[in-house]
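Structures incoming, each one as structure tokens.
In what comes next, chain A is part of two complexes: it sits with chain B in the first one and with chain C in the second one.
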Partner chain A sequence: MIEFWYLFRQNKGAVVGLACVLVLAVIALLAPWLTPHEPMTVFGDALKVPPFWQEGAQARFLLGTDDLGRDLLSRLIYGSRVSLGIGFFVVAFMTFFGVIFGVIAGSFEGWVDSLIMRSMDILMALPSILLSIVVVAVLGPSLVNTVIAVGIVSLPSVVRVVRASVLMEKKKNYVIASKSFGASWFRIYIINILPNCTAPLLIQATFGFSDGILSAAALGFLGLGVQPPIPEWGTMLSDARSYMESASWLVTLPGLCILVVVVAFNLLGDGLRDALDPKVKRT
Partner chain B sequence: MSLLQVQNLNIDFSTTQGVVNVLRDVSFHLNEGEALGLVGESGSGKSVTSLAVFDLLASNAQVRSGQILFRGRNIFGLSEVEKVKIRGSEISMIFQDPMTSLNPCFNVEYQVGEVLRMHQGLEGSSLRDRVIELLAKVGIPDPQSRLKTYPHELSGGMSQRVMIAMAIACSPKILIADEPTTALDVTIQKQILSLLQKLRKETGMSLILVSHDLGVIAQNTDRLLVMYAGEIVEEGRSSDVIQRPLHPYTEGLLKCLPGAYKLEGRQFRLPTIPGIVPNLAERPQGCQLSPRCPYKFQACVNGAIVLGAVGDARHVRCIKEDLHGPA
Partner chain C sequence: MLFVFLRKFLLVIPTLIGASLIAFALIRLVPGDPVLNLLGERGGNPQVVAEMRAKLGIDKPLAEQYWIFLKNALHGDLGDSIVSNRPVAEEFWSRFPATLELAGVSLVWSILLGLPLGILAALRRNSALDYSVIGVSLIGYSMPIFWWGLILVIVFSVQLGWFPVSGRLSVFFEVPPKTGFLLVDSLLSEEGWSAFVDAVKHLVLPSIVLGTIPLAVMARMTRSSLLEVLGEDYVRTAKAKGLSWFRVVYVHALRNALIPIVTVVGLMVGALLTGAVLTETIFSWPGIGRWLVKSVEARDYPVIQGGVLYLAFLIVMVNLIVDLTYLWIYPRMRSRT
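Showing the complex of A and B:
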């Protein structure tokens, strides 16, 4: 643990990423106490009020209001809940199913392995956004279906990582030893091998978080993700598209939020990889 | 009826060089409470033999014929569930490299406890007490404080002691020690071997000690088997074999031991057996040792040599004495 923290600290970007992620998590958790207004409240007398650095700003709307007169800052803060929530559930979904398929593929080689891995190849061969559009088109656009769609699209990366680690670990001595002590399949693979695969899985999950948020925002932008009036950043972008010239803050600020979250998670993932992956470990 | 009986075991490995016959007609038995030694060079089939007892051979291995009877029941004929029950509780094994044989993710308490949970269903404080008792039994000082240590915090000798604790946790009938001291230094080697002896005397279990070191085997076993190229070439009481080796290979091995020659004021060069172990994909005709044997006759390469009985409980796969009489 101490060694891990030492290695992790070497990567300044990763520390910045971790800090951003922690700050965002706190903001998302404390959203009701941080926001000046309710995210859905419409102020009919204040449509498209600009943010504080522009002329005509109002002190009560720090980052201005949108075309319906809703406070942008409050919506962005609540949006962090939605986006991080989507990220979290996408990661949970893909890790859960990814681990199941990955362990099965890695342990029973042969035709089971081929079946699972070729299906994953098919998933990977299709452009991810197209595939998630198809899934949403079948299931219908909603918050839950966005998570499922994005989760399915990101499944192959986890399955591949888990399978590769299982294949590597199962050749190690402790597995033979554990077999010789009479361990069952479940005990060998789930209890003994899986914990040894956590490092690559954790790295993959971190990248999955940012990919998930990005894909969900893309779906929202296309009108297939989270539906209005829920304040999701991608959906907000798409709603504000027509005001890009008259009220540019409506587009730039949600876009900026997405950018910051995705960059933060990618930096964190890079840092984790540097610290946990023995192959890139610096001596 | 012996506890363990291996009968005419033939094992093939499919490799890139084709099917390789790794064990040829291996037969031996193990009595209750006995210490049996298995000696041979790398690749002679010692480890394959010991893994075969668990039916835990690599997936490219194939048992062509023969059986392994444990208490009269053929291991290869048992269902997976029955095999899992026997492994670890009736027959258990310790391995060559203790540092990698423990799972790096779990602490000592969990790993030793796991065996007990699996086979005896112990839980909670009775499990913990039993783990402490086992750790004390294998000579780990202050076992209470060692419970939460992880394998990377243990030395090689300590790891091997933990492995032994796991292996004897369910008081097995047979303990197979596959080169238990190869990765350890000499002082630790002595400690581990005497620990194994002590445990065997206390529990009355049988021990199969696998090693390439004839000296280690001679001191720690009652009876020994010498293996060469997947065949048993000599069998007998350890003291008999050491005093009067019948097979040229055993003789060669004995000569290779440092200390077998007394230095009489001048420097000796340690003798070696010339040549190398045959490639099992291209076995020599007749006697497997013939290309390296100092006594080679024409008859040695003409046909297969059988393992013949010589006197009391001795077997040898060599025709030298038949032709020349006892040397």
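Showing the complex of A and C:
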């Protein structure tokens, strides 16, 4: 653990990523206290007020307002709740099912393994956004369905990683020892092996966060994700397209938020991988 | 060798069957009655409902439905679009060249730029250039490309007016479709050069948007792969033999560094098609991606079903070809698969 922290700290990018993620998490948690206005409140007298660096700005709307007169800053802050929330539940979904399928595939091998891995190949064969669009087409667009769609698409990466580490671990002496004591399947795979798979799982989960947020925003942009008036960054971006010329800040700012969050999680993931992956450690 | 090829080939079949099951299950999984979803209020007329059911092929038992679907699909018949009433296969192939042209141009420029950038970064490790390549590629593969596209439109189309906002060709050009690729068709048409320039102008922004993530991945992969190889013993041996720096890097190291890069190019085909869905939506590019998104909005089930099946088929085939070329170029990989 100390070694990990030492290695992790060496990587400046990773520390920056972690700091950004923590700040974002605090912003998301404290949203009701940080926002100057309610995200859904409509100010009929202040439509498309520009942000503070442009002419015609108003002091009460720091980043301006949208076409309905809602405060953009408040909506962006609440948007962090939506995006991080989606990221969190996508990661929870893919980790939960990914671990189940991965452990089963890795422990039983044979036809069960083939069945699970071929199904994962099928999921990987289809372009991820198309697959999530298809899932949304079946379930209908909503917040929960966005999580399910993106979670299903992210599943193969976790299953593969878990299966690979289970296959590697089960050949080690401690597992053989446990087996020779007559330990049950559950004891061997869940209690003995699974904790040793946490490192690759943690890396995958971090990238799952960034991928999940990006895919959910893309679905929102296509109008198939989180539905308005919920302030989701991708949906906000898509709504603002018609005002691209007259109110460009409505397009630039939500997109910038998405980019910053995704970069932060990718930096963190790269750092975790460098610190945790024994192969990369020495170079 | 033949055995490995055959094995790879056979492994594709379950994947394709699975994809056809997904495509098939789609209409049947929609909550409620898809016909009533489609017809809305007019669904009251039982005769219309029955006709629609027969048209969608959902008036028979499930197993029989799947059998018919599979049989027709193998004959290239994917049913008719509900919106346009034209065969889905025909609609697919009429739009496919547009997507292929966009994806192809994007892939080519991302390789042409990404490869040298990655090589330079690896050779000047820890220099300012290296850090900027790392930084730019990090931003590149984190990029929400739908936003990136809009930013480029705002700057280069709306404010500077250099490139058109959307479409493949300006309306005043009449280019008879021959190959479906406008870069070729425009040169063959009467307008010739001026139509070609116009088509290129339309391609610039969409291909930048679509090529951004492949470029970032390419530069990053080339850099790390080359760095790894440069530390190997045989590279040291080559240096010790007194070979020129150029020969060591470009002949000895790069050839081996290219192995993982070939795989990445293969994987990018799927990523390009994913990106095409978003890019085509931003630029109103008349390709497969935009067509499918519109069909989802219109609940045009036969189109979604057929489109998904075709795309899955194409991607699986491309991956197979990449896999096989890979085995063919690098014989030592054969034993590992």
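Convention: the second predicted complex is superposed on the first by the 282 of 283 C-alpha atoms of A that agree within 3 Å, B and C clash if a C-alpha of one lies under 4 Å from a C-alpha of the other, contacts with A are read in each partner's own complex, and residues count from 1 in each chain.
Here is the rule we go by: a residue touches a chain if its C-beta (ideal position, glycine included) is under 8 Å from a C-beta of that chain, and two chains touch if they have at least 3 such contacts.
All values derive from a computational prediction rather than experimental measurement.
J.: Both complexes share chain A, so when I overlay them there, do chain B and chain C fit or clash?
T.: Verdict on chain A: chain B and chain C fit.
J.: Once both structures sit on top of one another, what is the angle chain B-chain A-chain C taken between CA centres, to the nearest 10 degrees?
T.: 100
J.: Is A:Asn196 contacted by the first partner chain B, the second partner chain C, both or neither?
T.: first
J.: Is A:Ile2 touching the first partner chain B, the second partner chain C, both, or neither of them?
T.: In the superposition, A:Ile2 touches no partner, neither chain B nor chain C.
J.: Which partner chains sit in contact with A:Leu222 here, chain B, chain C, both or neither? Use first/second/both/neither.
T.: In the superposition, A:Leu222 contacts chain C only.
J.: Per the overlay, which chain contacts more chain A residues, chain B or chain C?
T.: Greater contact footprint in residues on chain A: C.
J.: After the superposition on A, what does A:Lys172 contact: first (chain B), second (chain C), both or neither?
T.: A:Lys172 contacts chain B only, not chain C.
J.: Looking at A:Arg187, would you say it contacts chain B, chain C, both, or neither? Reply first, second, both or neither.
T.: first
J.: Minimum C-alpha distance between chain B and chain C after superposition, to be given in whole Å.
T.: Closest C-alpha pair between chain B and chain C: 13 Å.
J.: Could you list, by residue number, the parts of chain B that touch chain A in their complex?
T.: Residue list for chain B touching chain A: 51, 54, 56, 59, 84-89, 92-93, 95, 97, 100-106, 114-115, 118-119, 163, 166-167.
J.: Considering the complex alone, what residue numbers of chain A touch chain C?
T.: Chain A residues touching chain C: 13, 118-119, 121-122, 124-130, 133-134, 136-140, 210, 214, 217-218, 221-224, 234, 237-238, 241, 244-245, 248, 251-252, 254-256, 258-259, 262-263, 266-267, 270, 283.
J.: Contact residues on chain A for chain B in the complex?
T.: 109, 172-174, 176-184, 187, 192, 195-196
J.: What does chain C use to touch chain A in their complex?
T.: Touching chain A: residues 14-15, 18-19, 22, 26, 29-31, 138-139, 141-144, 146-148, 150-151, 153-154, 158, 227-228, 231, 270-271, 273-274, 277-278, 281, 292-293, 296-297, 299, 304, 308, 311-312, 315-316, 319 of chain C.
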